[in-house]
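Below you'll find the structure I mean.
For reference, chains read A, B, C and D in written order, and residue numbers begin at 1 within each chain.
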Amino acid sequence: MMRGAPDSQVSVVRLVYLARLREALGASHERYAVDGATTVGAIRETLRTRGGAWESELAPGRALRVAVNHDLATADTPVAPGDEVAFFPPVTGG
Amino acid sequence: MMRGAPDSQVSVVRLVYLARLREALGASHERYAVDGATTVGAIRETLRTRGGAWESELAPGRALRVAVNHDLATADTPVAPGDEVAFFPPVTGG
Amino acid sequence: MSVRVQTGPFDAQAEADALRAGDLEVGAVVTFVGTVRDLNDGDAVATLELEHYPGMTEKALTTIVDEARARFDVRGVRVIHRVGLLAPGDPIVLVVVTGRHRGDAFDACRFVMDYLKTRAPFWKRERTPEGERWVEARAADDEAAERWR
Amino acid sequence: MSVRVQTGPFDAQAEADALRAGDLEVGAVVTFVGTVRDLNDGDAVATLELEHYPGMTEKALTTIVDEARARFDVRGVRVIHRVGLLAPGDPIVLVVVTGRHRGDAFDACRFVMDYLKTRAPFWKRERTPEGERWVEARAADDEAAERWR
């Protein structure tokens, strides 16, 4: 990852983890380097390779919701530098 | 009709007319003699023979609701002496 | 007392609060308030007079509430219907249903209104610029009630 | 302002009154209040903490309200959702819909709740005698939302 690199303003996205996922991963957010445009699914796959809780929590079978720039997204949704991508469990409000 | 006859307590029913029907018939209620058990439909037919507004308002094609002792009824519903039979237009509350 | 007919206004919030008071199984409170519109069939409505059939009215409403309680998994049902003279904007009818989950609470509330609209002995008389007239029953109300058969 | 997220309680009656104020075309006001039950999945619930995703929450609720207004013939829609610490009996969420007729008002209110339950970023964390736990999503909520597709 290129945290703090001179081009970080344009080549990173902000990842957000919420609720149970935040606790399981031990992180609420991070800056995440992307090589130009990518997708929600590609980011999820890369995060899984971190192993441990990342691998189990982001496994394909796990019910997970993703929002890109505050809109619900799918694995195919494109992600560009500067975007905010949030991962969270199925919602339980109301 | 046997209004006020000695046996009127057991051989009459109370007829009630409501809303638009009360206005059209010019009557809100009456005591009505019955010869033992009868039905809603039989009473309606007899009332129609009075002619005028009775004939038109109670005609078979007119939408009309009937309640016997405060329960919605049909033409086949039995009516016995002492019952209260109400005729009224389709309801429009709520 | 789950049904009431009255001339005065009702306090929807107080009725809903009373219905769910102390019942911690309640997860859903659905409230319906019907109000007098200022327009009906294209004519301005100045006032509305609601007539009913005393004696039958409360019995009919109780029957509808009992039927709703038998059909749906609900905790409480309350119905208040006003009679007498009303003006546009005035509340006419209140139905409150409490339940454990929202599905049955919504269904029961709607069921009560659909049945009330076709089975409870109330009649509206409108005063418009063209004079007074009895409100005609709407076919849509019959169809709404039929859906529950 | 048709959607709001807040920690404090709401006044359902005041919100419903404000929504229909001055709108004499309104004939139906449907109000839904969701409350904290004292039991979930068989365990006593002492307190409930509601977390949300600030920034997304109001956008998600606004999207749901806009969708309801596009789908149904309604006059006004208002949604208030609480966050933070709540106890059994406390109101969590309010949805008020005003409309000319009850059918669309009921549908829109139910639609907003069904979509909110599956698309608005809120999560409940319960404290029970067995400890704290995140509430699991219910399959019934997914099914309810699917019915509107």
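Quick note on the criterion: a residue touches a chain if its C-beta (ideal position, glycine included) is under 8 Å from a C-beta of that chain, and two chains touch if they have at least 3 such contacts.
These numbers were taken from a predicted model, which means no experiment stands behind them.
Between the contact lists of chain B and chain D, the overlap consists of C. On a Cα centroid basis, the chain most remote from chain D in this structure is B. The distance from the centre of chain B to the centre of chain C, each centre being the mean of the chain's C-alpha atoms, comes to 27 Å. Centre to centre, using the average C-alpha position, chain A and chain C are separated by 49 Å.
Taking the mean of the C-alpha atoms as each chain's centre, chain C and chain D sit 23 Å apart. One inter-chain figure worth recording: chain A and chain B are separated by 74 Å, centre to centre, where each centre is the mean of the chain's CA atoms.
Touching of two or more other chains is recorded for residues 34, 113 of chain D. If you sketch which chains touch which, the chains link end to end in a single open path, with no loop closing it.
Every pair of chains that touch is listed here: A-D, B-C, C-D. Chain C makes touch with chain D in their complex at residues 11-13, 16, 20, 24-39, 88-89, 100-103, 106, 109-110, 113, 140, 144. Residue ranges of chain C in contact with chain B, taken from their complex: 34, 50-53, 55-56, 59-60, 63, 81, 92-93, 113, 116-125, 134-138.
Residues of chain A touching chain D in their complex: 16, 18-20, 63, 67, 70-72, 84, 86, 88-94.
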